[in-house]
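Worksheet for the structure shown next.
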Amino acid sequence: MTLERNILLGFLGLAALLPFAVTDQYILHLAVMALFYAILANSLNLVVGYVGEFSLGHTAFLGTGAYTAALLSVNAGWPMWAAVPAAGVVAALFGLAIGAVTLRLQGPYFVIVTLSFAEVLRLIANNWIGVTNGPMGLAGIGQGGIADKRAFFAIVLGLTALTFYLSYRFVYSNAGRAAVAVRENRYVAQSIGVNPFGTAMQAFVLGAFLAGLAGGFYAFYISFVGPEVFRFSFMATIIIMVLMGGKGTLIGPVVGAVIVTLLEEYLRELQELRLSLFGLIVMAIVLFLPNGLMGFIAQRREQRGDRPAISHAIEERTV
Amino acid sequence: QDSVKIGLVEPLTGSVAYNGKSVVEGARLAIEQINAKGGVLGKPVELVIEDGQCAPANSVNAVEKLVQKDKVAVLVGAFCSSATAAIMPVAAKYKIPLVTGVSSSAALTEQNNPWFFRAAETDALMAKAFAKILATDLKLKSVAYVGVNDDWGRGGVEEFSRDLSALGVKTALTEYFDHGTTDFFTLLTKLRAAKPDGIFVAAETQDGSILVKQFQEMGLQSKVFGVGSWATADFINLTGDAAEGIHAAVPYVSSVETPRNQDFVKAYQAKYNVKPGKYGAAGYNALNIVVQAVARAGSTDAEAIRSALAKTSYEAPNGVYRFTAKGQAYGFDAVLVRIEGGMPKVIASSPVEAPQ
Amino acid sequence: MTAPVRTSSSGEPVLQVQDLHVSYGSTAALHGISLEVHAGETVALIGANGAGKSTTLRAISGLLKARSGSILWNGQPIANRPPEEIVAAGIAHCPEERHVWPGMTVEENIALGAYLCRSKDEVRTRMGMAFHRFPRLRERAKQMAGTLSGGEQQMLAIARALMSEPRLLMLDEPSLGLSPRMADEVFEVVRAINAHGVTVLLVEQNIHNALSVASRAYVVQTGRITTARPSAELRGDPELLKAYLGG
Amino acid sequence: MTASPQAGPLLRAENLTMRFGGITAVKQVALTVNPGEIVGLIGPNGAGKTTCFNMLTGFYTPTEGRVFFKGTDITSHKPHAIARLGLIRSFQKTNVMKRLTVFENVLTGHYMAGRQSLLATFFPGETVRRAEREARESASAIVETMGLSRRMNVQASLLSCGELRLLEVAVALAAKPTLLMLDEPAAGLNSHEAGVFGETLKTLVGTAVQSLLIVEHNMELVMGVCDRIVVLNFGQMLAEGEPRAILSNPKVAEAYLGKAAA
Amino acid sequence: MDLFLQFLANGLVVGVFYALSALGLTLIFGLMRVVNFAHGEFYMLGGVVGWFVTTHLGLDFFSGLVVVALVIGGFGWAVDRFLIERVRGQGEEPGILLTIGLSIFLVNITLLAVGPAPMKVVRAITEGPIFLGPVTITKMRLLAMVIGVALIFAAHAIIHRTRLGSAMRATFQDPMAASLAGIRTGQVYAATFALGCTLSALSGMLLASIYSAQASVGGLVSLKSFVVVILGGMGSFPGAIAGGLLLGVAEALWGGYVATGMVDIIGFILVILILVLRPQGLFSIRAERA
């Protein structure tokens, strides 16, 4: 746990140095996208890794966040510093409402109902033209004069740090442990006084909030929001990141986000073969590292006789 | 720098890849011809193609890469209006001219983005060109409007119904369907009940061919006309005899008999073994417009290219392209075709006028 | 009460396990188990928690791979063969924790126990026998197995294992969760089928019951056999037993 | 209606009835557990013992009847709400958190002691840290008591059947029950281990827990530790009384004990 | 009234098609519990291979159907043995990731091989409308319905009447107990997966002959099939039929009386509503207790 914290801090520290070392806007753009995805992957991981249920509807929160920020900016002229937190809050409220329905379900039913919510929202965004401008999307979201990618990078880095802090606190708290208990065995969890619904809800809403923040940031950064923010392909990317890195750890999703972002970008060189190859790589990762990269590392450490460094949840606490 | 680089962002995967590929084909042909004649500014032209998947974020990624990594002089893309809307501010930020040969949402040229040019028709312009001919030729009294549920489909329906209504044609029904819909029987049942004399359809090849086929299967009789890439061999082949007699308003059709077009069709057919369609021509035209602008600018300086683009007068297979102050193309010929004996036959042709 | 005590060497050795090593992943569970079971015998494996009794049965029935060592069944090596082949060869394993198919009815569970038997009539006869042995199951024939009480599930697991009419029956803690009376009945069944010539290898925590049906017992301690004695001898020596079972 | 906490029984159930479709699994059962008592609940397989447990702890809602714990009516309360009142149970079918280590399992059992506000989760203060420290110490102690220290840092999925049973009891103890209800805790323990376990149980009462309610088929254990025994048969009360009286009850012998009694 | 009848008929036809496309998923997702995101791609491959063998190899529709069944069945078998097998028993996530990867790969490799254009599959019979009173339907649709219903019954019979069927259920509920009963669980898994893929591919070819085959149809098919399977209840064939018909009719009525622009929403709303009221879907039972 200390190790995990130090790695996260180290990652943030290194990332903070990046804008000083690099001026290439393209690389900065990739770095911004990687961190954006890191927030998203981390937030999904709270649900997948700590509630233990597989949500395919996480784009619901990304999307509501993005639309909230876009609408506030376009219609009410809200600046970024106000609209992005508002996006997080609105997404969290959606999380509360969607969680109230979905968290009563388990397994495949949960998987598909969360997906259904995301699709319903997408269809609403696509058809409620008066508000969302339908398929035309919302363009021209004011960037408030932020022209340099470094500024965006600083903002997304701040959001990433917040994400790490909140998830770290949650995961290593009594509440986080309760979430793990629910994930591992609902019956036991209930019998030791854990309210499975309430606990799962906490993780779910936290995940929604963080995804909403990411969505809000996305709206300002890309300066365009359309119904495709709710699309499954977005979801697939995030899932790949979480599972490739290793769910149920804090580092895994970040690693996954960075790797997938870079991979998608560097595979561009291969033109038409790009996505086929990407599919193959995803499959290969599952076959050779079924627990993700972090799972693989943990396993190696265990084999060397160390205590599992990044176990599924709990370790010595040195708050 | 030993070549002039042009960045092209099109959907190469996903559900509109079909059309995106045609744009790329047209673009490739243009580059080949230009390079065969010695390129531009004494250098060969290099086309850097990226897959934007018609998704805003992916298209932005692609543009960032094209601008920052490949250092392209001009951008062409990004097909779907939503993706184009997302890359327009990026182009403006980096001050790189952006030309689209496809995206038709009227809103794009209303953004007053000085770096953006649309070398394509908008639905408003098509409607204006053909509404009258259609209303009188097909003797329409009432029309049902059907469009794919996206910006382009909705735009087409709105523009045509406005212009036709102004000519006294009644609107019997307005319906949208989602891209990728396979079964239209419900929609067609409503159509049958509404008993229009004509049906306007805004749909691309795949949706359109299925719709028209099922139209025939249901035994419907009304006259079908519309916008979309219908005047192509693919469409006719897929739709079979159900395509007989339908009308399409398109910016380009391969059967136009001008020598310039015949040359283009011959070259295209030699290279790809099919006749060019609307999107193939769009890619071809966009690239030619861009390269000619670079030639006139005399350098790859962005500002110079931009002012050269604004003064475009490009002789395309389908007429002459010029740009308005807002970057909207006009002057080229749009055509109305009827499919007869499996061939698109030109019924009317009309130069697209500059919008007021 | 008198158990039919046999001498240790009646009949041929049908099952021979030699120097069996088994591990779960990288942790070894068995460090060289050797034992023999003779035709028609009932043999018990006893030992403390986690000693490796269940692991031994799992290795014999093919659920676990042997790292080294051999398992001979009627002289044929069967180590590392898949469980399907081992069942087909006549060895049935009733695993610990019941493992009934929760979403199937009691009836379906039992019928599937005779999966390898292709004659429908034969299956029906055997099912009749199973219901005869466990009348409680007949009452619950149409109930989903997952909703049975713990003991009912245990009966079902045993009944199912018997459906394959094995020549060697391996029972892992058959009396677990059974009422004393029901446990007695189960051991009666064990005696009865043993009397029909079926060889039995038994893991049982209720030492008293185990030693009353088995003629011999092996004591397993941390993955090794530490002793093999006739049951009577162990029954007569509580202190010795305590030493072996204490852990 | 509500008795004062000190005076009355700790747990009282009246007229408990549970029907599943056509089957009446439990019928009009009355049950009390007094402070300081160890009560045994026995009966043939399928008599309805586990079903009673499920109704008492909120996992099933009784078709009829009421349950009172410390004088509060808990009949339709959620399981976790009942647990929070101090009524903790274990399960007949082994239920542990398989991917956590033994220690982590027991530590997680301390959930209620460390419950905190959302704010405290994100901004933990000294109270939270102290609770955490105490939970860790208590967890080690409990693992020790249950004789699992050797397996402290082993993943639960690697334990043998018998060890799992002990771990379950350890997790339940971690929740600091007032009344601990155990469903066949000694199943899977051999005769000797069951004896040791019985001794442990006796020492728990009065120290770690106030009262115990045990379902168990190991008669030696039941007779050894229980102050009072309730016998169910076909979902109904068959007998109730001291261990010796139950042993010599012919109806119990007939329905439940079989030859063992003879 | 006539209008309503026609909507109902349209809905029922499409409903059977939905049930048909979901059929393979009922096996793989419903019974095996593999959240198979490549389902739509197997359906798509059915159409594309069907197009290839009928257009390029000149087979007639029915021989084409047989070839498709064999090719995709074999492919499905291999996918299970070489891919899914490796992550079995590790929870649902590796399977999700694996099938997402597989689906990305299959779509794009198909795009490379045959391009993105829609493809026309030869029809089994010449098409034409049939008028039943006020209701119009076509010959090909009627035939597809008949074949679809036959396939559904055949699949149901396999699961509930054959040894393989019992072996499947046993294997998926408790593979260890199944192997102890003498069931070759490895084969059962592979056979189920292959059968599921075959059913998807058959419906893919059948429906491609009515609509058209295209490399990118998979996503939508997967989505709708998941909806159908969940509506009916995991692993239930009557459920899949009911779910399919329900979805088809609901979409037709919504499209008919409200708007066609948003028909897809109705399926998702149904899923949400039904699961709120009945968390196990329409047709499945729970056999679990504390």
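A, B, C, D and E are the chain letters, set down in written order, and residue numbers restart from 1 in every chain.
Throughout what follows, contacts are C-beta pairs under 8 Å (C-beta built on N, C-alpha and C of every residue); 3 or more make two chains touch, one makes a residue touch a chain.
The UniProt protein names, listed by chain, are A, E = Branched-chain amino acid ABC transporter permease; C = Amino acid ABC transporter ATPase; D = Branched-chain amino acid ABC transporter ATPase.
Please read all numbers here as calculations on a predicted model, not as lab measurements.
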Moving only between chains that touch, what is the shortest number of steps from chain B to chain D? 2
Per the definition at the top, count C-beta pairs in contact and tell me whether C-D or C-E has more. C-D
State the chain with the largest centre-to-centre distance from chain A, centres being mean CA positions. C
Inter-chain centre distance, chain C versus chain E - centres from mean C-alpha coordinates, in Å: 43
Based only on mean CA positions, could you tell me how far chain A sits from chain D in angstrom? 41
Could you put a whole-Å number on the gap between the CA centroids of chain B and chain E? 36
Averaged over CA atoms, how far is the centre of chain D from the centre of chain E? Could you give it in whole Å? 47
The positions of chain A in contact with two or more other chains are 126-127, 187, 272, 274-275
Check: chain C positions touching at least 2 other chains come out as 147
Going by the touch rule set out above, which residues of chain D reach two or more other chains? 59, 91
For a test of understanding, state which residues of chain E touch chain B in their complex under the given definition. 3, 6-7, 10-11, 13-14, 17, 107-108, 111, 115-118, 120, 127-129, 131, 136, 138, 207, 211-212, 214, 216-217, 220, 251-252, 255-256, 259-264
Given the complex, residues on chain B that touch chain A span 12-13, 49-51, 53, 55-57, 60-62, 64-65, 67-69, 81-82, 85-86, 88-89, 93, 105, 107, 111, 149-151, 154
Applying the document's contact rule, which stretches of chain C touch chain D when the two form their complex? 1, 24, 27, 46-51, 54, 96-97, 136, 143, 147-152, 154-155, 173, 176-185, 205-208, 241-242, 245-247
Chain A partner contacts - residues on chain E that touch it in the complex: 29, 33, 35, 37, 83, 86-87, 90, 92-94, 96-98, 100-109, 111-112, 219, 223, 226-227, 230, 234, 261-262, 264-265, 267-269, 271-272, 275-276, 279-281, 290
Of all residues in chain B, which touch chain E in the complex? 13-15, 17-18, 21, 149, 175-178, 180-183, 185-187, 189-190, 193, 205-206, 209-210, 217-219, 234, 237-238, 240
